[in-house]
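I have a structure here, written as structure tokens, and I will follow up with some questions on it.
Going in written order, the chains are labelled A, B, C and D, and every chain counts its residues from 1.
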């Protein structure tokens, strides 16, 4: 079996790590069980370019249980867990091409290694496999069934390709499923951001003035959890409808200029750049803590902070203290995603939903291969319903179904009366 | 001036009532002020068929300030506040045709009285004006600019007409504006349902098992407020995605069969019928309280309750106690909307947003009359933004705007990177 | 049977009202049931001076079930519910001497009427019976067993008497039981204050700046419930420890000077006077709402408000709007207790706990009459435990007991280790 | 300078660690500043037996700023931070006798080393210094001023000694100050328990059934924070009054038998033993997480768990998974204090309050040495007020003071009316 990993002797550590993720991914496990008996992917080759983590390992095991032949490479050179890679190779006999901190050249070599397996279906997190396919492997595309994409960024690329008629195969925008986007952002980012701040600082959140910039799904999650920890939360927004929602939800709403003067902690979650800019930095209170939960490390103007500072030193893991003329400013994770850099990112329970959509997305592609065109598709509502149903079932929760009369009533109500 | 109201001597009482609503409708008041100086409705006749309440009075005053000639009738025979009608006639010189508890014939006579004014624009809450126009006044429609519709039910009718090419003028679905639907349901229904239950029962909510059937916007509002009062909230749903959201929001999620056995209070907010049906009624605990916040009084099967009961008696205003063989069941407001029947419906602050959309909807129709076709339109996002901005301003809240660089970044991010 | 009530024909209305209170007082009902079989008060005469309400009626019925002979007068001339008085006389054959709005002379005549029954035990709410006994009926005291007192004010009087050796019989300070003071103030006042504000104003609480002056048990209850309704709560305190608790609980803490400038609503719950004084009034925003939940109507300086105002008018029931030179100020209930004046005071569930302590207090006096001296006693913790246990039982809640080993461990732990 | 530490070369790491604690202890820093100018401890020797952590270092620096001569040893062999010890020696010239993981003999040798300094005042966390003084250094006691004790356990010992007339010097029960016990337990333990669970498991708390055994101050803190993270919290209690409070606070209240069957997570905070015993273990759901936040590791019967298990393995740091016949059980921190073992214990902000009481306790002993007898004292309320005031001031919060009239009113109210 070809593969390229760091150290096969890490396999047993990896298996332990994977086992914990598996314990907390009941939906994917139920799908795995069904796949095991139904074998929907017999004779199907699936190539995946994903973060090589313990949760991803469970997705691989699930697809394999369904009969698929697999090959896996990393979607980011830094996120690979080498023990997990080793375990997948040794214990699951899945070819993996991923080494933590691999260089740019190796990264792309690994992508090619996966494509060499001539997959019928590809899984992407950011679109690198599909991009390589369109650039360098056009002939391979013809025999393909389709692809699934995990992230917003990847989906945006794909829609642009679709618009330009450049897209040559059907793609499922897994990111756009309700059971992905609703749960990841609110509950996943909400908790893990708080977690990251606590691990990096060990400060008490109760009674702190906690500023959240951005009241999108992530910002709402963070604001809700910060309030839940006893903080006094202040929300900053540029969209007046969202600002009004924040106000009605009981938060203080201030503009950044006022908010930064009160802040003990500031977290950005806007998807925009220079949200905390030089003009804000100079008005901060001493000992303030700055963190970012947005995808890119552009929300806090770290360059401006560097220029304002007389010196800086690392005080704790993930916490650098900048000494300005008149104050100290504490920056977490260099302005990168605090929940990934200072904590462990989304809990397995959230990836359970996201990766179940991936697994069912593959099955959907296969079942509908005759019908699908070279477009970007969203999984049908029924799959969202299914994933949510299985999650409820896994938690032992029963809910009701509409009666025949109730269904009829809803129908007729929609028609008028 | 023609008019048909109960008693002109009630006018001063009405003025007081209106003044309180006006105090709590800052956005509409700001619009009124602008209309007063700009007079957008000079020579425009507006006919309105709305609940004749103090909040509606403020909408009428706003349109009049803008130069409009007005005529008002009721959109429901029971909701007319006769003092408000009198005040509008006496103090504002607005022709009103509405008498509380008027019979069916009078109700329609009043609608015709308004149409006799030959309005250029009509305002509807349920679609009765526009329906009469299409049925009996087709010739009047030609000279009209358009119409605004307040409610879901009306909008559904209109979309059906549009689909069948039966719609003969442009209509604004005011109901579908974010600043209408987001705020009415969550914050308005949430609070007023709790208010209605407290007024009708004076029971302590803290520590009660409070079942909410339905986790849509209304249900979320109710569940959140019930928790805020110290209740232990149990959510019932038929949609697994919503059920999972309820669970993740920290509520217990049970099916109705289990929930009704634990319930101290049950509130329905599903938009469906027979949600609390015979099979649930027989499993209730004694002394349970049943209430409905859905639009129609079909959610609790009152007929089944009547059949099960040996006797019933009115214990308090709005509270009837049914004596069954083995238990007592308390029904609020005969299963009608508890927030309207036992409290006072949406607070003026919420109607402020909804009616600002109405006022701006009229202006939008006028400004775009050349462009608009015989379709159902949603007000542009910019008007939502405007309404929310004015609400924030009225509360003294300042928010940020995107910088030029940030706008550019968002643009470019949407393109790829 | 002697009695002095308003109108016996109100009895059936009263019975209905009482039945609702009874439905919501499960603990007292359980005690009533036990009393009915054990008859602890056979041949005992109990004289009560309490608010003549439906909840008090249930206490009377409970004591009567235990075999007591009863006589009841009012502890406040304004709080008597005449229907309840009529029902007690007609349906329960209990002599009542209480007429709503009776004059001062009648009020004291009624107290004497009760004392003419030569009670063995008296129940007081404010200490009027016991005060009359000590002043004018010293000879009656000798044959008495003791007395129970409901309120702080009464208990303070009694402790002063005890200190001066003026107290001539054993008294139970029912007020000081945990199941009285913990629950009344936090949950009772918390909810009923919000209820009073909503009934008096129908304003939306979500998003409002809601100032609570005082962070004692009542203030905490109010602040918690206001937050639960979506308000942004600001706490004002004079005690730094309480202020710090408020801050740690996630509230904004400001001094009154700053708070009043932001306030949409202000509620006082301090037990002190002139908390909202002239200097605060002149800094209020227009359209602010002022309410008081403290026992006396001295917390808001209404006299100063009267002087500042150019005019005032009643806008709604319980809401007077003062027109000042530059603003409008809305005062609820003339600065009296807003939860009693604009809503219905404590729900029956809370009185259930308080009156169960009264009932068990009477039994305790009787059982321990040999041992008790002329002192102020607090009911033993075991009775608090009992009342709480019955309340839990009534709600179908089971809790654990310590095992023998655990009891031993606690003992030994207290000794060292 | 005598001392006994691990490695002086760790001093610079220690200084960094201390600087972060200092940043978050504003009250102690204000006291330090005052001490620096007033030098209250000139010529006073203070011997301390405390956890040698960065927060304790700040207390040492504060006392030294006040002119004290110091000597420090550890109050627990495992809690010493060797870098902090090194920094105190190198940078602050304070003799420290503490090495992480020192054996029993060394531990007591270090205590003797501190006593050899012949301190006038001792600081204890658990009472080891004072115990040694009474056993082996009776002659030293005569020249002493007094002692301060940090913990419940130590205070219990001291009260026992006082009762037996064995106590030979005045002692301050710092533990019993409001600004210690109210804040440590609710806010400190509340947050750090959640923190510990998240670090040990990385599970999602939202939607989990989270059982808290014990509703004392710690249990309330944990329950509140768990709810704040979106968990559905179930409380178990043996005290019916506390159980009823939990119910009224909106939690589910169940007995352990029922609760353990629903639990996804169980945290004990009871101060008792075998709370989670064999009979509960066999009824747990598979994959449950068990943690303890009580002081001793007796609350979960780990021995019983060991016997039930077929095997166990360490899955993550601090997480051991037991494989039983029919399920997996995850135990955190071997049943030891999860907030200390899996996170970092109380944040500095909480120790700021506790250690400010220690510092002011020393000053109080000194100022009142003439008056104090060989008893256990609680610091006067004025010091609690002072500590809380300084904390508020450090946060820029201003509160009100009573006016002269208000003070008088309170006085007179207490007298009667």
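Here, a residue touches a chain if its C-beta (ideal position, glycine included) is under 8 Å from a C-beta of that chain, and two chains touch if they have at least 3 such contacts.
Keep in mind that this is a model prediction, so the values were computed, not measured.
Colleague: Relative to subunit C, which chain's C-alpha centre is the most remote?
Modeller: A
Colleague: What whole-Å value do you get for the distance between subunit B and subunit D if each is reduced to the mean of its CA atoms?
Modeller: About 54 Å separates the centre of subunit B from that of subunit D.
Colleague: What is the distance, in whole Å, between the centres of subunit B and subunit C, each centre taken as the mean of its C-alpha atoms?
Modeller: Using C-alpha averages as centres, the distance is 38 Å.
Colleague: What are the residues of subunit A that contact at least two other chains?
Modeller: 187, 206-207, 227, 230, 244, 247-248, 395
Colleague: By the document's touch definition, which label belongs to this structure's chain graph: line, ring, star, complete, or other?
Modeller: complete
Colleague: Can you list the residues on subunit A that touch subunit B in the complex?
Modeller: Its residues touching subunit B are 153, 156-157, 160, 178-179, 182-183, 186-187, 236-241, 243-245, 247-248, 253-258, 271-275, 298, 384-385, 388-389, 391-392, 395, 397-403, 405-406, 409-410, 413-417.
Colleague: Which residues, counting only subunit C, touch subunit A once they are in their complex?
Modeller: It is residues 206-207, 227, 230-232, 244, 247-252 of subunit C that touch subunit A.
Colleague: State the interface residues of subunit D toward subunit A in the complex, per the touch definition above.
Modeller: Checking each residue of subunit D against subunit A gives 16, 19-20, 23-24, 187-188, 190-191, 194-195, 198-199, 202-207, 224-225, 227-230, 287, 313, 315-316, 319, 328, 343-344, 347-350, 395.
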